[in-house]
Amino acid sequence: MIFELDLVLLFLVVIIAIVAITTRDLLSAIMLLCAYSFLMAVVWVEMHSVDVAFTEAAVGAGATTAFLIAALSRTKRWEKK
Amino acid sequence: MNQLSVAALVFVLFLGGLFVYVAEDIPAFGDPDSAPNRYVKLFDMDATGLVDDLDQGVIPASLNAKIGAVGLPLPSGVAKLKEGEWEAVIIPEETKQHFYPKEQKYYFIAKEGDELWVYRYSLYLRFVEEGKHETEVPNMVTYILADYRSYDTLGETTVIFTAGVAVLLLLRRTGKRPE
Amino acid sequence: MPSKDTDTGTGKGRSIIVETVTRLMVPFIQLFALYVIIHGAGGPGGGFQGGVIFASSFVLYVVAFGIVKAGNRFSERANIVLFSTGVYLYAGVGLLCILFSYGAAQFLNYGYIPLTHHFEENRALGMDLVEVGIGITVMAVITSIFFNLVWKRENEEIGEREGED
Amino acid sequence: MIVESISPLLAILCPVIGSIFVALFGKWPNIRECWTMLAAILQCLIVFSMVPTILGGDIIKYTFFTAFPNVDFGFSIDAFGLIFAITASFLWILVSSYSIGYMRGLNEHAQTRYYFFFCWAIFGAVGVAFAGNLLTMFVFYEILTVSTYPLVAHDQTPEALFAGRKYVAYLLTSGCFFLAAVILTYHFAGTTDFTNGGIPNLAEASRGALMALFAISLLGFMKAAWMPFHSWLPTAMAAPTPVSALLHAVAVVKAGVFGIVRVVCYIYGIDLMSDLGLGVVLASIAAFTMIVASLMAIAQDNLKKRLAYSTISQLSYILFGVALLNPMGVEGAMLHVPFHAFMKITLFMCAGAIIVASGKTNISEMKGLGRVMPVTMAAFAIGALGMSGIPPVCGFISKWYLALGTLEAHSLILLAVLMISSLLDIVYFFPIIYTAFFDTPEGEEFGNSRIKEASIFMLVPLTLTAIFSIIFCLFPNTFHIMDLVKLAVAGLGGGV
Amino acid sequence: MLIVEHLPVLLIVISMLAAFTILIVGWWNKKTSFFISFATILVQFVMSIFILRHVMTVGTIYYWFGGWAPPWGIEYVIDALNAYVLVILLALSLICVTYSKRSIEHELPDKIVSFYALFQLLVTGLCGVTVTGDIFNMYVFVEIFSLAAYALIASRGKIALKASFTYLVLGALGACFFLLGIGFLYSVTGTLNMHDLSILLPPLYGNRVVQAAFVFFTVGLCVKMALFPVHTWLPDAHSFAPSEISAMLSGIIIEVSTYAFIRVCFSVYSLEFIIEYVPIFDFLCLVAGLGIIIGSVLAIAQYNLKRMLAYSSVSQMGYIMLAVGLSVSTHHALWGGLTPALMHILNHALMKGCLFLVAGAFIYKAELWNISDLQGLAKKMPYTCAAFTLAAISMIGVPPSVGFVSKVYIILACLDAGGWKIIFVAVLLLSTLLNLVYFWRVIEMMYMKRGEGEEGHSHSSSPVKVDEIPLSMLIPVLTLAILCIVVGIIWLMEIPIIGSFPILDRVNELFGLGVYAP
Amino acid sequence: MMEWLIEELFAKYNYWISIVLMLIGFYAMIAKDNLIKKIIGLNIFQTAIFLFYISLGDITGGTEPIVSEEMIAQGYVYVNPLPHVLILTAIVVGVATTAVALALVILMYEEYGTIEESEIIELERERGA
């Protein structure tokens, strides 16, 4: 565990999460969620849980994002208000 | 700012307060001796007259009685680790031999002052030390996932199956596709 | 109405480069997925991750070629059979343990499946079987969910038209 | 002595089996009504067969099962219960016969439903009479309430629906209080069995708790129509007349009064009641109801409404008697249960006969009716005389005992109340008799004598009850009623 | 070969396998899916009765998955409580699946296969939650049945989608809290087995993490069981789901969540913790009391029949939780401890199951959603209406129905608990009155209001033609209605047969309830 | 104060971050009107819980839980693999929930033409009236 890297990544994760729920463009929110998942996966690799990180990268950043984008393609891209 | 977000903020603050209240007692991050990672304390008892018995591999009756009172299985033998520290194992009864774990490291006994502190080893220990021999698989996560807790994994697979059927039910293409 | 830039439906604006690269990539992705499934015992990975990666190859195919073409090449019936096959494999292995030990062993006690003569190796093989089962189910389900999410009613007409070509 | 016997079960099963056959033969009116009559007669015979045992000083018991420790779900029949059971089951026969005439006469709809729930109502009423403890009583009490709803709302007109709704609202609300009373009694006393002289353990509870429990129990018996919780009863007169007759003069309201007597005499016991000073409370409620209901009756022009208020007033006589907490008073009260039933049912049947024969419901329209319907009006006159306490009709006897009771209680005020109330009874009944017999008829119908006496099915029962009302006065021990009452009162013990 | 040892797992696994099979076989022949589902649930039901018998005669069943001893592997533990809930659960599922044959063919003709697959998965999940002895395993199965329930609720489309989504968000939130609770417990004890947890926790009761975990479990499960302040998902979800699913939701799903709550409270934690460290039960009583009143009041305001029943469920959950809340302060052998709560779990399943199925029958027959549509229906559908009346009368609490029995027992428990809890007697009585108001309205509408075109006293004019629902729907409805009365009498009779007191006594004994004197 | 900062806030920074993330996700789930945003919030919430679990299993100076003879020989400590297993399961549950939720969202869009919760409620009210 590299403590400084860990801290920086986690702060980045928090910022991305905040931006993801505040942005009005849903597509970018989804991409931010993807980035969030991916960074989280990096954090986990860094915490020695490779399997979980692998899964999160495949599922959180991959499958979930694909699903969200698929759903978005059939609904609206922009949030109201 | 609508009503809902105010309510949500209140909830969030409440939840945050709860977390702050809790945080003090959560084991420190990365602590190798925390409960999930090492052992959890069961009880302590007066050590007088017990140390010799333990050293000779005999389990004192008073210790046994106390463990039994808690409701855990009784140890079958004790091995000395070093001065003031012992380890107790459980060997299953003859009738239960087809259950896999043939010998279980279960208790950790340490002498602190004139008290014996009895700990229960965490699950971690067995997974790390015995898993490889019991399953012939090097990846711990895999063997816990697919063997020790395989039933959870069956459940998990059923969850994803359920999701698949659920989406089928909800969104199935109604028209016939040309083949 | 859906906005254009997120439209995966009709496969408008197809690019020859993307298509070619996808054609090249898909087999490799699938190979890698198989590797992950099989290699789950020794390193990171396993049925679940492999299944998702396998499914992602189909996702890539959809992105490159559009849902209509992908949908035409994709048998839903086979997919639904795969849905169940994976879980069958898992639960079946579990039940076999009971059967082969004449009720002495418990559900999912892999050691009792007489694949080899060695109890521990049986366990390892049992786990591999189970991982394969997970992989199949996850692959089929993720693909199916993705296809279902993307597929629009309008696409059916387009699909029919293209089918006639 | 306690006699274990299956006869209460048989008695209670009669209406149930009867109702099944009624439902099965709904398509054939004659067979259907035969079954009703058969069940009624059979039940009455079974009930009468218990009289010797009870007169021998025994108690008949039948237990289904134990619901809670010390609370059996079962029957236990003593003299008082038997009086009520005799009244209800005997009058059922007469009312059944009367119903046939009434329902056919008016060509009513949904007659099968009517007879079906009629059976169930009797089931409930006899169950209340036989109940050996509060819990059992509660069960039958609720069955009675639910099964009478379809009868009250029988007409299905908005008015009848309103009446039904009001009826259910009042009575099931009071059912809640009854339930609370049952459970609280059990909580305090550890049992809910009716015990001569009251449950001994109950006295150990605190005064306040007992007071509150008594209030809850009273609220639980809104069926007794004591004021100010009486308004469901006049409204419920929207029901067909036989229903009003049997259920509102006999089964339902009597079940309420019966319950209060049970609570006062067999749960609290006379001694505890006077210790707590609750007799005064009950007496004042009863006195208030007697006077006010009589006054309200005077104001009614609708015959059935007037009878309804009269019922409210007369029921309070029973409460009044019990509230005196002395043997004479209780005796009067217990006698008033069957006597009032016979008299009031006569009156209601007459009212019904008038409706069927002439279609008249208001008193002011009945001028000269006595000339074309002499039998009916004569019976009515007998009933009215009895109500006012004039010999030789049985109302006199019960009132006599009540008056003796007030004297024994050394309370001139209560005697005065009784007297005033009787006077008011005369005031609201005599105009009817006068109008019917002595006023000159108006309108043409009388001239052509298009109005005739009602059918024989109706005429016979009402004549019979009128005759019985007189017989009860001349021979108070008919059906051993007097013996039973004496036995019941003697058993109460305590200060009695 | 001791088959009975394997019954708990076979119960779950055949259910799973049936779900998988339905999907494949149904692809070729739609009709088979019903029969597979029905047969499976029937077999499961028989198994569950065997399990109950075994538990009552021999003792608790333990099952170690993969042969791994408990703290390391997953364990199934079946004691009296599990077995009791299991039997109720499968009985109602059996009835619902019988009922569903015709109604699903009518309502969702092109989705039969996936409907039954999901229904089977729902049953699997519920059984899994019920029999497991491992807290994380419980979470997994909670998710299985929740996912199945989300999809089943939404299967009718339209407004049901919104209802289902709300349920999904709240349900997922609840599940997340549950997961967090598990994490907290794991962080201080390092184990996931319930029995193991109950051994390791007592010295740690003062630990804030343990207390917070309890709060998380409570909140998470309260969402799942729709206790009053977090009931908002329930009315929509119950009213717009297909009726057999509404019956399952009201009759079983929220009850199984209650079961999970009881399990966590008394098996993982203990009486000592609940009384001394986090005295949450008094608060729970208050909330439940509030829920009883508010649920009933809102039910009165509804004009849609199923919605009214849904609000009534909110109020009935209040009854159950009130009884659970009182369980720690009562100590009479008969109505102490969990007895009233467990009684009402069965009773509510019977009554509400019946009511929802009848409501479904009206929809099946003539799309009658609103109470005002039911005018004079009793002549057209006499048996269905009779069933409704019986169940409604039970809900009101007229003796000797099941509703009456629960009410008596809960009131006795209130009195036993004493102190300020006596006010709940008033709450219960008031709620009875409110029940009366909204159920009587329906009964009156069905029986007493004249249908259109019906003249005054006209029994001779053409009688309304009887137009009943098919037999496969009628039999389940009537069975439940009759059970409402029969079970009520059985409860009162205290006779020692399956489903009566010995089981509940065993449960109380297990948790040390009913005799505890504070 | 300083001590508290170091011991509670700093030494347990992982927990704090995960708690903050949970709160963010929780807030989004309740307060956001857009249905997809709610789902995003749900994902953030779940992932935060996963982070919490993974942090529990970590051991300072530990190594990946893949057994090899050399590493044992060199005296490495493995991190606790059990939370990883639990989280693998939980991730799957999360993606399953997301998929069903998205299916519902799509259907709702087809039904109502919007994915804002308040608008859907309003439309529904209009239909009911």
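In this document, chain identifiers A, B, C, D, E and F correspond to the written order of the chains, with residue numbering beginning at 1 in each.
Everything that follows uses one rule, which is that a contact is a pair of C-beta atoms (placed from the backbone, for glycine too) under 8 Å apart; a residue touches a chain by one contact, two chains touch by 3 or more.
Predicted model only: the values in this text are computed from it and were never measured.
Looking at the partners of subunit C and subunit F together, the chains they share are A, B, E.
Between D-E and C-E, more C-beta contact pairs join the chains of D-E. The central chain here, found by comparing per-chain C-alpha centres with the mean of all protein C-alpha atoms, is E. Centre-to-centre separation between subunit C and subunit D, using Cα means, comes to 79 Å.
If you average the Cα atoms of subunit A and of subunit E, the two centres end up 38 Å apart. Between the Cα centres of subunit B and subunit C there is a gap of 33 Å. Touching two or more other chains at once are residues 1, 49-52, 55, 59, 63, 67, 70-72, 74-76 of subunit A. The set of subunit C residues that touch two or more partner chains comprises 42-44, 46, 48, 80, 83-84, 87, 91, 94, 105, 107-111, 138, 142, 145, 148-149.
Annotation for subunit E: residues 16, 20, 23, 64-67, 136, 140, 143, 147, 150-151, 154, 186-187 touch two or more other chains. Listing the residues of subunit C that touch subunit B in their complex gives 40-44, 46, 48, 71-72, 76, 80, 83-84, 86-87, 90-91, 94, 101, 104-105, 107-111, 120-121, 123-124, 126-127, 130-131, 133-134, 137-138, 140-142, 144-145, 148-149, 151, 153, 156, 159-160, 163-164. On subunit A, the positions that touch subunit C within their shared complex are 27, 50-51, 53-55, 58-59, 62-63, 66-67, 69-78. The residues of subunit F lying in touch with subunit B in their complex are 8, 11-16, 19, 22-23, 26-27, 30-31, 33, 55-62, 65-68, 77-78, 80-86, 88-89, 92-93, 95-97, 99-100, 103-104, 106-107. Residues of subunit B touching subunit C in their complex: 98, 100, 133-139, 141-143, 145-147, 150-151, 153-154, 156-158, 160-161, 163-165, 167-168, 171-175, 177-178. On the side of subunit E, the complex with subunit F involves touching residues 136, 139-140, 143, 147, 150-151, 154, 157-159, 161-162, 164-165, 168-169, 172-173, 175-176, 179-180, 182-183, 186-187, 192.
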